[in-house]
Structures are given as C-alpha cells and as structure tokens.
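Before I ask anything, here is the structure I am working with.
All chains are identified by letter, namely A, B, C, D and E, in their written order; residue positions are counted from 1 within each chain.
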Amino acid sequence: MTMFYILLVFILTGLLTLFLGPIKVLRNIVALLGYLAGSALFIYNIKPGLIYSLNIRVYNIHFESGFSTVFFGIIILAVFLIFLLASFHEENDGAYYLFAFLTLTGAIGVLFAKDLISFFFLFETMSLFSFLMVLKGKNKNSPKSAFKYLVWSVFGGYAFLFGTFLKVYTTHSVMIGDISFIGGHIKLLILLLILTPFMVKAALMPFHLWAPDAYSDSKDAFTVFFSGGLSKIGIFGYFIALFKIFTEIASKYPWFLTVIAWLGGITATLAGIYAFMQDDAKKLLAYSSISQLGYVAVGFGIYTHYSVVAAFFHALGHAVYESLLFLVVAGVYYRVKTTDLRKMGGLIKKMPLSFIGLLFGIIATSGIPPTIGFPSKWLLYEAVIMKGDLLLTSLVFFASITAFLYSYKLVHSIFLGKLHKEHRDVKEAPLGYATGIILLLIPLFVLGVAPGIAVKHIDYIIRFYLKPELGYNLTTMTTPLGHVNFPVVGIVMVSMFVLSLIIYFIFGSTYKADQTDNYTATEAISDDFELHYAGEFYGFMRKAFGRPLKWSFEKLLNAFLKLFAFIGEIARGFYMGDARVYLFYLVLFFSLLAYLMGGKL
Amino acid sequence: MVSPILVIALSLFFAFVIPLLGMLSKKLPRWVPPISILVNLLILLSNMDKISGGAMLITTAGIKPPIAINLAIDRFGFLFALLIQTVGFLLSIYYLAQDTKDERFYMLFLLNILGASGIVMTGDLFNSFVFLEILEISSFGLVAVQKDKKSLEGAFKYMMIGAIGSSLYLLGIIVLYLSTGSLNMADIARLMPNIPDSIKLFAGLLFLIGIGVEVELFPLNAWAPDAYEGAQDSISTQLSSIISKAGIYLAARIFFTIFNGFYALEVVLYLGIITFIIAELAALMQKNVKRMLAYSSIGQMGLLLFVFALISKRADIFIFTTIILLALNHAFGKGLLFLSLGALTGGTREYYIDSLKGSGKSNVLAGLLFTMGAFTILGMPFFFGFWSKISALISIMKAGYVYLIGLVLLVSLFEIYYYGRVIVNIFSGEGKAQKTGFIYASIMVIFALFIIAFGVWPHPVFSFAHKAAVALFERTTYITSIMGGM
Amino acid sequence: MSILYFFLYLLLVTIVGLLYMGVARKVTAHVQNRYGPPIYQPILDVLKLFGKKDAASHGVMHTLGPVIAYTGIGATLLFLPLGNHTPLLHFNGDLFVVLYLLVVGPLGMALGAGESANSNATIGIARALSMMLGYEIIFFMATLPVFYANHTASIYKVILAQGTFPKWAAIMYPISFIAGLFAVQGLLGEKPFELVIAPHEIASGPMVEYGGKFLGFLQIWHAVGIIVETGLFVDIFFGPQNILWFFVGTFFVFLASVLVNAVMPRFRIEQAVRFYWGIPLLFAILGILQVYLWR
Amino acid sequence: MKLFKFSQSRSLWMMHFCTGCGAVELPPTMTSRFDMERFGIMPMATPRQSDLLLITGYLTIKTLKRVVRAYEQMPTPRYVIGFGSCTINGGMYWDSYNVIKKLELYIPVDLYINGCMPRPEAIIDAFLKLREMIAKGEANAWKKYIENYEWYKKNQSEVFDVEKWSVKK
Amino acid sequence: MTQEEKIKKDIETTFGELVNVNIQREKRVRVNAPKNMVLPILAYLKQRGFHQFTLLTCVDWINDGEFELVYNLYSLSYNVHVLISTRIKRDTETMPTAINVYEMAFDYEREIHEMFGVVFEGHPRLDEFLLEDWKGIPPMRKDFDTRKYVEEKFGVKDLTKELFTRKEQPYRGPGSNG
C-alpha cells in the first residue's frame, strides 16, 4: 500500500511547488520536505516482496517490490537529492519542480510496476516530464534537443507497447512474466521490442543520438539527475528484459547476448573517442556517460554471475561519479557562466573543492584503484576473459583508455592551465553544489575500498536467476582467475604517498612562482597573453583516425528521415487538385466497390 | 420531463427568429444561439434518468411508429446529443466574444447544431436524411463565411462531394424503403432478415459511400483538408467535433442496428487503415500548421473507422466503448488544438510554421493548451488520449490483428514527429505577443479540463461509454422497445 | 620490521634503475663512437638535483605532481612480483591492479605539469595520453594470451607456470612476444616514441617547469619505471624463477630498447599512434588467434 | 654536505642557449671527438633544469633581455661561462651601438674563455676548471647576483626596460 | 654589340636624355635618374628581362644634404647588373615605394627607413624592424656619433686608449678590473 502513497507524496509535492512558484524560499523548503517524506517512506517501508494491486475500475494496476527495486530506488533517490540541492541555486519557476517531481514519480513508479501496462504508463510519464524539463533548458537550442529526446523516448515507449500487446496476445497475461516457453521466434521479437526503450534510455550505440544534445542543453542541475538517475532505469530495464521476461535467453538465443555485449563494447569505444574530441564540457561528459553505460551493456551481454554483478556495480559507480562530474561542471557554470572548455582554465586557485571533486570523479571514471570505478572494471575484465572473448576484452580495454584521455582533458581545461583575467574574482561553488560534492565523495571512497556492501545486495538480486559463483566478502573479491584485496591497494598507495612526501620535505626549498614566470623560450609574457592550451586538445588524433571519424549515426538518421519525407510528399500529392479530381476519386471508388461486390451480388 | 422533440422544434424556431431580430439591432442575434442551446441542454438533462432503461420513444402526432416520424433516443444517441450540445454551447459563447458577424452566420450555426442533434435523435431513416441535408448545407455555409479564396474553394469542394454523398445516401434509403416498405429504423431492422442478400449488399454499399463522405473515409475525404484549412478556427472545431461525430453515430446506427453487422465492413477495415497511414504521411511534411491539423484529424478518423470496422470481425462490447472513447477524445482534443491554434495566430490567418515561431513564449496559455491538445491526441499518460489509445490497441488485439498494432504505433510515431516539430517551434525563439480574450481562453480551458480530468480519473467516462455501447449492442431491445412499446 | 624492509627494497630498485640509466647513456655514447659518462652518473645527477636550492612551484598540485608520480610507480612496484620474490606476501600481483596502478604515475605527473600553465607541458601530456591509445592496447593484447592460456589473471601464477627453459611464454607464444616488444618500446618512451619528452620540439614536455628537487623526483620515478615496465614484460614472457634472473632479464630487454633508441629518429604523434594500429596490432591479433587454435 | 658538493661538480647541466657565434663550437665538444658528456655535462632544454649558462659570443641588447630572464629562471646554484672577448670588453664590436661591452655589469660571470671563439679544447679546459672551482666552493658568482641585486638591475635598466623583462620574484 | 650596349641603347631610346646611362665595366650598367623616373625605369627593366631585384642601398651624403638610393637589378638571361641611383633631399623628401613593381623591395625599404629615416610613401609597414625599442635617431646616419652613444649607454669610458695599448694581463680571477 505504501508504494502508492510514495508516488502520491511526490505528485502532491510537485503540485504544491507549482502553486508556491513565486515564493522561492517556501517552495524550496516544500520541495525538500516532500522529497524527504517520500524517500523516508521508501527506505523504511519498502522491503523486497511487497505485492499491492489497485483497481481504478478501468484497469487494475499491480505493484511489486523486489531487491532490484530497493537497489535502484536508493540510487535514484540519492541522485535526486543531489539534483534538488543544486537546483536551489538556479533561478527556475514552479513548473520546473512540478515536472521534476513527476519525472521522479515516473522513475520510482517504474521500479514498482508489476504489470506491463502500468509499467508503460509510468515509463511514459517519466519520458514526458523529463522532455518538458529539457524543453525548459538553458540555451536557445534546448527545444530542438528536447524534441529529439521526445521522439526517441516515445519510439522506445511505442516499441515496448507493441511488445506488451504481443506478449498479452501470446501468453494471455499482462504481468511481467516469463515468455521463454512460447514456441517460435516471436519471443525473440517480444524481447527485442521490450528491450528497445531501455537501450534508448541507457543510450546504447544506435539509439544514443538524443543523449549528447539532451544532456548538454538541459539545465545543469537537472543533467545530474538526468544522466545519473534516469539512465539507471535503462539498466533496470535490461535486468527486467534479460532476466524476468526472458529467463532462458542464454540457452535459447546465446548469439543475441553476444550481440548486446559487442554493441556495448562498440558504444563504450566510439562514445569514448567522440568524448575526447568535444570542446564543450557538458557534451564531453554526455559522451563519457554513454561510454560508461556501454560497459554495463557488456556486463549484461556476457550473462555470467561475475559479469552481471560487475554491470550492476558499474551502474552504481556510474551514478556516483557521473553525477559528481556533472555537479562540478554545474558549479563551475554557476560561477563562470560558460561550459566551453576553451574559455575556462586555472580555476584550481579559485575553486579548490570543485577541483578535488572533479579530480576524484575522473579518477573513478577511469577506474583507478582506490575509488568506486575500479572493482566493477576489474570484475568485468575477469568475467570477459573467463568467457574467453579476448577481442572484446581488448575493445573494452581500449575504451577504458579513452576514459583517461577525456577525463584529463576535462580536468585540465577547467582547473589547470592559466587563469583568465576575467575569472580573477571567481569564488568557490555555492553551498548547494559543495554539499553535493562532499556527499558524493563519501560513497566514492567507501565503496571503492569495501565494495562488499553493495555486492552483497546485488548478489541477492540475481541470486534467483544465476548460480552465485563470485567469492566475495566485505573487502575482497575472488574469481577463479584472480583475487584482489581492495583495502590493501588503498593502504599501499597511501603509505607510498606518505613516504614520498617525507622525501619531498627532506630536501631543498621551493618558492611560489607567479603565473607569468614561465618558460616561454625566455620571451616575456604579459598577463592577458593567451597561453591556455585547451581548444583542439587532441586535434592531432583527428589525423590519426582519419576519415572514419566522419561517419556518424546522425547522417544515417537524416538519410532515413529524408526517405519518409519523400513518401510524405507522394501522400500529400493525393490531396492536391480541385473538386473535379475528387469527384473522379469518388466515382472510381464507387465503381471499384461495385465491381468487387459484383462478384458476390 | 420535457419531451426532447422540443429540442428540435425550439432550435428551428430560434433559427428563423434570428433574421427578424437582425432587423431590429445588430447586437441581439448574438445572444440567440447560446440561449437556445442552453435550453436544449436543460431539456436533455431533464430526461437523463428516463433513458436509463432501453430506448425512449417519442411519437409525433400520435400515430404508430412505422408510419409516423418519431424520435428514438437510447443511451448511445443521448451521449452523442450531449456531446454536440455542449460543444455547440461552448462555441456559441465563443461567438459572443466575436463582434462583427451578420445574423445569417448565427442562423447557419444554429441550423448546424439542429441538424447534428436531429440526426442523433431521430428514429426514422428519411428524417435522418433530412437532418443530414440540413447539417451539410449549413456546414457548407459556415465554411464559406470567411469569404476569402481558401474558404470558398474548400466550401465548394465540400459541397460538391457532400451533395453526391447525400444523394447516394438517399438512394440507399429508397432501396431499403422499396424492399421493406417502411422508413422507421426499428421496423427496417426487424424486417432485415427477409431482404435478399444482393439488395442488402447494394443498399449497404450506397450507405457506405453516403456516410463515407461525412465520416472522411479514404478516397472520399479529399475535401476535408481544404475545408478544414479554409474554415475559420472555430468552424473547423465544429467540423471536427460535431459534424464528423454525427457521421459516426449515423454509421453506427445504420450498420449495426439496421444491417446488424454488414459484412462489407471488411472493406472499411482496410480503408480505415489506409486513411490513417496516408493522412499521417501527408501531415509529415506539411508546413502549414492548420492543414497539418486537418490531415491529423482525418488520420484519427481513419483509426476510428478501423476500430469501427473491427466489429465485423468480432462483435465485442469493449470495441464499441473504444469507438465512443476515441470519438470523445478526438472531439475534445482536436477542438482544443484548432482553438488554441487560433489563439496562437491571434486571428491573423497565416498558419505557416515559421510565423508561429516563439508564439508559445509570448502567449504562454495558448502554447500550453496547444501542447496539451497535442499530447492527448498522441496518447500521453495523464491525458484522456492515453486511455482511448490503450483501449483502441486492446480492441485491435481482441480482434486478432496483433501485428497491425505495430503498424499503428509506427504511424503514430510520425504524428509525434510533426506535432513535436510544431511544439518546438512554438517554444523556441521570441514571438509576437497577442493576447487572447478572457472568454476565448476560458472555453479552451474547459476543453483542456475535460482532457486532464478524465485523463487522471477516466472511470466516469468509461462507465458512461460502456452503458452507451451496451445500448448500441442490444439491437433487439432497441427494436422491441420502439415497436413493442407502442 | 616490514617498514624498513619495504624502504630498503625501494631504495635497491631505485639505485638499480639509475644504474640501468647510466648503462643506457654509456651504450648510446659508444654507439655514437664516444666514451660517455661513468655508469653512476645518473646517481650523481639525482644527488645534484636534490641538492639544488630553490625550485619554482606553480601551486599545490604542481608540487604534488612528482610526489604522486613516485607514489604510483612505487605502489606498482610493490604489487609486481620480481621473479618468485613477492614483496607483499599474502597478495600476489594481479594483472589489472598493476595495469591500472601503472597509470597513476603518469596521471599524477600530468596533473602537476598541467598546473604549470605552460603549453609545452600540456602538449607533452596530450601526446603522452594519446600514445597510450597506441602502446597500452598492444601491450594488453600481447600479454592477454599468456594469462588466458594459464587460466589466471595473477602474474605470480604465470611466473610459476613457466618453470624451465622450453616452457617460456616467449617461446610458446612468439607472435605475442614480438608485439609485446613493440609495446615495451612505447611503454618506456624510448626514441621512436620519445614524443612525450621530445626536448627539441616541446622543451622536454611535461618537465618544462620542473627544476631542482622536482626533477630529481621525476628522475627516480623514471628509473623505477624502467624496472617496473621491463619487469612486467619479463615476468609475463620469461617467468624468471629467482630475483637474479629477473634483473638479468630486465637488463637485456632494456638494453634492446636502448639500442633501438640510440639509432632511431622520432615519430610524429599521429604516425606513432597509427604505427601501433598497423603491424603490432596485426601481431597481437595473430597471437590471440594462436591461443584460440592452440589451446 | 660534501657529497652534494661533489655531485654538483660532477654533473653540470648546460643550458643550450646559443647567444652568439660561439654556439657553433659546442657541437664538436658534445659529439664523439671531444665528448663533454664524459664529464657529466649534458645539454638541457629549459633554464629550470640547468645549472650552467653559456654566453657564447657577442650579446646584443635584444638577446641580453632574454639571457637575463633565462638566468633568473634558473634554480640556484647556477654558473655562467663567457665565451670569447666579446663578453669581456665587447671585442670587435667595441663601438657598436647595440652590443653590450662588459657582461659582468649585467649578470655575474664565473669564468671567461678568451679567444675569438675558443676551440673545443679550450671549452673542455674551462669546464674542468669550473669543476674544480665548484668542488673547492669558489664558484659562487650567483650569490653576488642575489646580494647586490639592485646594482645589477640598475645596470640592466640603463640598457632595457627591466620592469617588463625581469622575472617577478 | 655586347648585351650592355644593347641595354644602354634601349634605355636611352625609351627614356631620352632625362636619364644618363653609362657602362661602368663588363656586366655593369649604371643609370642615374631623377626621383620621379625611377619607378618607370624599374617597370620597363622588369618586363625587359631583369627579374631579380638584388638590393636597395642608401648612401648618406651629409655634406650635400642628400641621400642616394641605389636600386640593384640583375638579369639571369643577360647576366648583366643594372644600378639605378637617384638623389633625394635628406629629411624633407619622401620616395614612392617600389613594392608594386618588385615585391622584394618590402623589407629593404623597411630597413632603410629604420637605419636612415627615409620615408617611403605607400609602404604598409614602416614600423620597428630590427632594433627593438630603439629610442635614438636612425643609427646609420652620418650625424649619429656611435662612440658617444656607446659611452653614455654602456657606461664604458674612452675605449680607444684601453684597447690599443698592449699590456700583459695577469689573470686575477673575475671582476678584478671592473
């Protein structure tokens, strides 16, 4: 019963904030209180295994909460809190929070839904209201990217609907139940259709075209929730489709899983390459988010206990460090009013906390040990090697190297390098962003050193579907291939750091050199000398990749649209012409029908 | 307990009073339509409880049904009458806000409402033809009221095709009259089994084309885009909400009550889908927003007809309710779209997509309402369109055409594409600021309220539509209550 | 006790690394037909650098750059088994831990150099990271078959599996071995791939603003790096049974790359990256296919 | 620390900043025939990394500005060797309007090598002499620069705009 | 009829007696022309075959108060040098630029402007060329006293005495004779 109350609470807070629109402070307090109430209800009352069905006389909605509901629910609610804290600093009107809370309702509702129609209803609510959020985005071409997002997400939604009806037609039950017993290949079609919206939402390669524009054009605070929270629904969908709906997929269609794995690998690599070619911070982060989600698809594609645990853990990690990165960029945008990498630089002196946040964010994105990014990457590699797919391992490794490239470009262009004159008096990001950064740094390290906390919970989720093989306790992971003890790695790094610090302090002194005291071939440089190397950071890589870089899915889609436009032209042709032509149609139709009927007269 | 016959009589009386009042003073005629429609509404509502049972019979001039002209309103007819009156009333209030209109316009408007409600309430076949004629002629007039090139051309096309359509309809009636000897619907329905097949087929064919024009079936709807585009915004609302709904009622009454499932409906099945696809494709690349809305309304009607023809495959009450739901959604959704488009363009008639740029920013309410109208047509959650679309898909599945659901969904993806394009255009860039009058805005808000209210809590509409479907479905109770009653 | 042992172990490896650099300079000198500095010259250099008085620092991150670099390479060293002698007894080096720790060093140095607001440094780092797209992939694909064949991801087990001479991975998987050699050349940053330092083009790249003791740190970082990188390669492909054989193996591999370094000119950055996607990639893929067919 | 003194003398990193016609003498000293690297002297790319600054030949005002800036960017202890007579008293450019006459007016010089472009043998001899001086602790010209910094700056300001060109400490 | 005579004859025929042409020696023709005739001659010689603009020099005749500008041209096909010289008043007169005839003249004119102060009309960039932040009068002019300039600029007393007396200099370490 509480599941329905949670959704109700969120909807009510949304409506309240709409009416309280003008009074900013009151509205923020109400939004925060509503959120806290809803999440408190969620955390205390939602246990796996609750069943609840509600009859609204037109149709009865079934809710059910499982382990995955709790897992994803906590992630989404946490990321929403970060979004809320950050959004208080942006000037936005009441409707903004209404749409935000309704998107949250949709997202949480989807986790509860047991029957497919209510799943579709809540999924569509989430897409619709996130579309409206992007529509209220921050720059002039946000309506265009919102429109692209709407078309893609509704395309996914309609595919899901078609899949639902096929399922209901074949299995006569509208619940999210197993379809592997149906004969013939229709079950594969149903799976593909049900999987499409989640591939769109988790931006798998052919369906990712909306993501870079939607992420970079929506309001900064909302992008945190958009990429950190909403993409988790896509992953939840993978779990639903590949485990709950089609349980024996590994035995019936193994090739389908390898296709997903390779698709994930290609997404990770290509998105990584596009990422380090971007000159806008948010576009870069958008592609990096797509690339990280590619790893999760690889994890699901391998379909062993190790790889799925890795996929879930990576999704958790992605939520943490992706929202951290977007939050920091939002904080920087709040102060510097630009996300163009060329115009920023040297902000480390002015925004140290944001720098630390971004630094540990990129360390986690590239999967370096003490942080949350490492366990899932390590486990994913082990799983892919155990599966024996060495080429895919190297592709994933290639993708993780691109992670180093774009993360360094991000941290360098924003924080390192030379401080521009106009950023002289920039202050640290305001409180909302700072608390968000600190809140996110905690899990980044805790789960990095002791992944067991989350792995235990993930194990419960998939214990029912896959035989548990991964040996783990709070702080270590063992697989047939290898064994890693994460705190040891952390301790060794810290002790080495202390040792080299000691060596550092023993010897000679250093003096603080001014920014212009720089070796520029002994040429004297004044303060407004443009020395920040940020634009075309990896320009030479364009020559290294050469022509293939030109191909893009965008061109493919545009060609496809032109085809439809052409057909549209023909159809419109029918309605041109004057009354005589229409009469001719009528007479023609009449004689045709008469002839047809004649046979039966 | 005033007898519904007065609805017809009173509106007729008022229609002809208007020219007289016109001579007295310019202002008065504007007040007549709202009053008369209000009266009709009250009459209908007062008979609400009486119709709960089977059909409610009203005889005129006391003679037995098969001979006299009588009104037969069952729950199905009552629902449509209510729809027509409410939309008519809203539009009449809208016209109050309009100033320079000569009295002939109000007369035509009232006649139009009269024709529509007449069709919906009549029990006699020939009487339905008369009301159909009144409806069509008055709508020709209404379309042409704008007197510019586009509206005249649209009206002319509409008149040409409409005239031929109604004449074929009359032929159908004559054939039936010859074979059964009576004009009363219930009576013909009763005698239907003993009509030889070929004649039944021929009559059915004639009716199919006759009503096909009215209901915008594929080859016959060529007139529709020009008529919609030519007409003034409120008139196109009237066209899409009232006139096509009356056509649907007529088709249902003839093909189900009289022909009891006419097997040629299979043709309508394919035609419905073709209408839907062709119209949506045509709308895809349309630059003129008004014409685009016209195509989309034809497309929705095509879908409605497709579901309508499903009954020939599997007669199921749920499919009937879906037809009614789709009709309601189309009426209110399309009405809201046309009205809000009018508000966005602020009376100037250039509907070109670029001229609408940013108008949503400057006229937030109209922009919002246009988006709501678009969302309910697209079937977004929290809008009434969602339930009608879901029930449409369920009924298609029930009839066994599962793969067609895919096709319908794919085509409605085009819908989202071109609606989305317009919404994006409205909300991007800086547009001219036009203010919409308070009355105009309040009417649109009432349309929107219907969509949102029944989107969130669809139960009342569902139950009401279900009872109406039951009334339509039990053909025999209709016949016995009219024939036996007397 | 283990702290002292841990400290001495690190000192030993640093000194051996510096000696390797001395030998390298001596060998290059003799290739160029001149005497070259004494072998212990790098040790003197490092001492001189640490003796330097005031070194310029551009901010906290700038100063911490070399410190983190040395931390990273030191941590990698401790996870890398030298022959059968594993520094941290209860936890044997895992390939991915070592590979990811290997990156911490350059990342730390990159952050420090970035803070120095000198475009030479940033271009150097951009090149270093892009080069990683080249050699890191080949190195990983070259070592993968050996791990896959021995069903393990731990370097220690791989060493034990290569007991006697004929069972060396270099002999059993020659194609991957050659690809690995190409990769080591890039990993060490020797001449054809010396784009990162490139003194003539970008004034010693990332180290342009580092003087005095920072430069000293970077020298010992480079020294330990030589031992670690060649050591990783030797562990996987030769499996030295004891620490002596380990140092002999690393010496010869390092010598090979130094000889190549002495005679080769320097690639342009896109040539270097494209080079790695040419023949070495082909060898690496053939190596993987060989494992599939052979096992 | 004797060990540091010894290592400083044994490993001299030279700032390869060719300021005049003497630069052409350095390649032979570096390459196989004379090989100065055997004394631990290596050419380095940036002033930050080098201890030894070679002024090879005449110094126009333009180059003097860069030389002073390079000198100030070098970490201490740093040494300067002046090649040829042009650094001592202007040499053959004694009356030229844009060549400076006495180098030590502007930067402290440890060692001069006379000869209108000394041959590599003389350069190697100078390096060895510098090595002894460092070992003995005499080569502390850099201290003089720091002690009478104003004097040097006054001299320099006569010749060029010190404010723009000197490194802000 | 050697090449030099042919050229001498051609110039005389085209430019008449405004210009006096004489062959100084083998492969060298000298043309003295007034200021306004220089550009036409250059143009004529260019299409005549003198493609190389070797040099533009300036001679400071301080006593006559004039500058002498000498344009050196060379033709590869005839292997002959032609020197066109003209005289302009020292500070008052300006010289039209020869860029649109010979592109090469661009830098020479800049250098002469910097060193002698001759203003070339129509030259786009007559700003600082070789001497950085030079304050004094153009150094190559005769009225520029280098010795005095060196003395007050580099703080070195009369050098002639010091340089030309030969005496043994015992080496006493750095800075002893400062």
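Note that in this section a contact is a pair of C-beta atoms (placed from the backbone, for glycine too) under 8 Å apart; a residue touches a chain by one contact, two chains touch by 3 or more.
Treat the numbers as computed from the prediction; the structure is a model and nothing was measured.
Chains touching both chain A and chain C: D.
Listed here as common contacts of chain D and chain E: no chain. Comparing each chain's Cα centroid with the centroid of every protein Cα atom identifies chain A as the most central.
Centroid analysis (C-alpha atoms only) places B farthest from chain E. Most remote from chain C, judged by the distance between CA-atom centroids, is B. Counting C-beta pairs in contact, the chain pair with the highest total is A-C. Between chain B and chain D the centroid-to-centroid distance comes to 98 Å (mean Cα coordinates, whole Å). Between chain A and chain B the centroid-to-centroid distance comes to 45 Å (mean Cα coordinates, whole Å). Separating the centre of chain B from that of chain E, both taken as means of CA atoms, is a distance of 98 Å. Centre-to-centre spacing of chain C and chain D amounts to 36 Å, using the average Cα coordinate of each chain.
Among all residues of chain A, those that touch two or more other chains are 511, 517, 519.
Contact with two or more other chains is made by no residue of chain E. Applying the touch criterion to all chain pairs gives A-B, A-C, A-D, C-D, D-E. Put simply, chain D touches chain E in their complex at residues 61-62, 65, 89-90, 94-98, 100-102, 104-105, 108-112, 141, 155, 158-161. On chain C, the positions that touch chain D within their shared complex are 25, 29, 32-38, 41, 44-45, 47-48, 50-56, 199-200, 203-204, 207-212, 215. Across the interface of their complex, chain D is touched by residues 131-133, 136, 139, 144, 146-147, 149-150, 153-156, 159, 162-163, 174-175, 178 of chain E. Touching chain D in their complex are the following residues of chain A: 511, 514, 516-517, 519, 522-524.
Taken in their complex, chain C has these residues touching chain A: 6-7, 10, 50-59, 61, 63, 67-68, 70-72, 74-75, 78-79, 88, 91-92, 94-97, 100-101, 103-104, 107, 110-111, 114-120, 122-123, 125-126, 129-130, 132-133, 136-137, 140-141, 144-145, 147-148, 151-154, 203, 208-209, 212-214, 216-217, 268-270, 273-274, 284-285, 288, 291-292.
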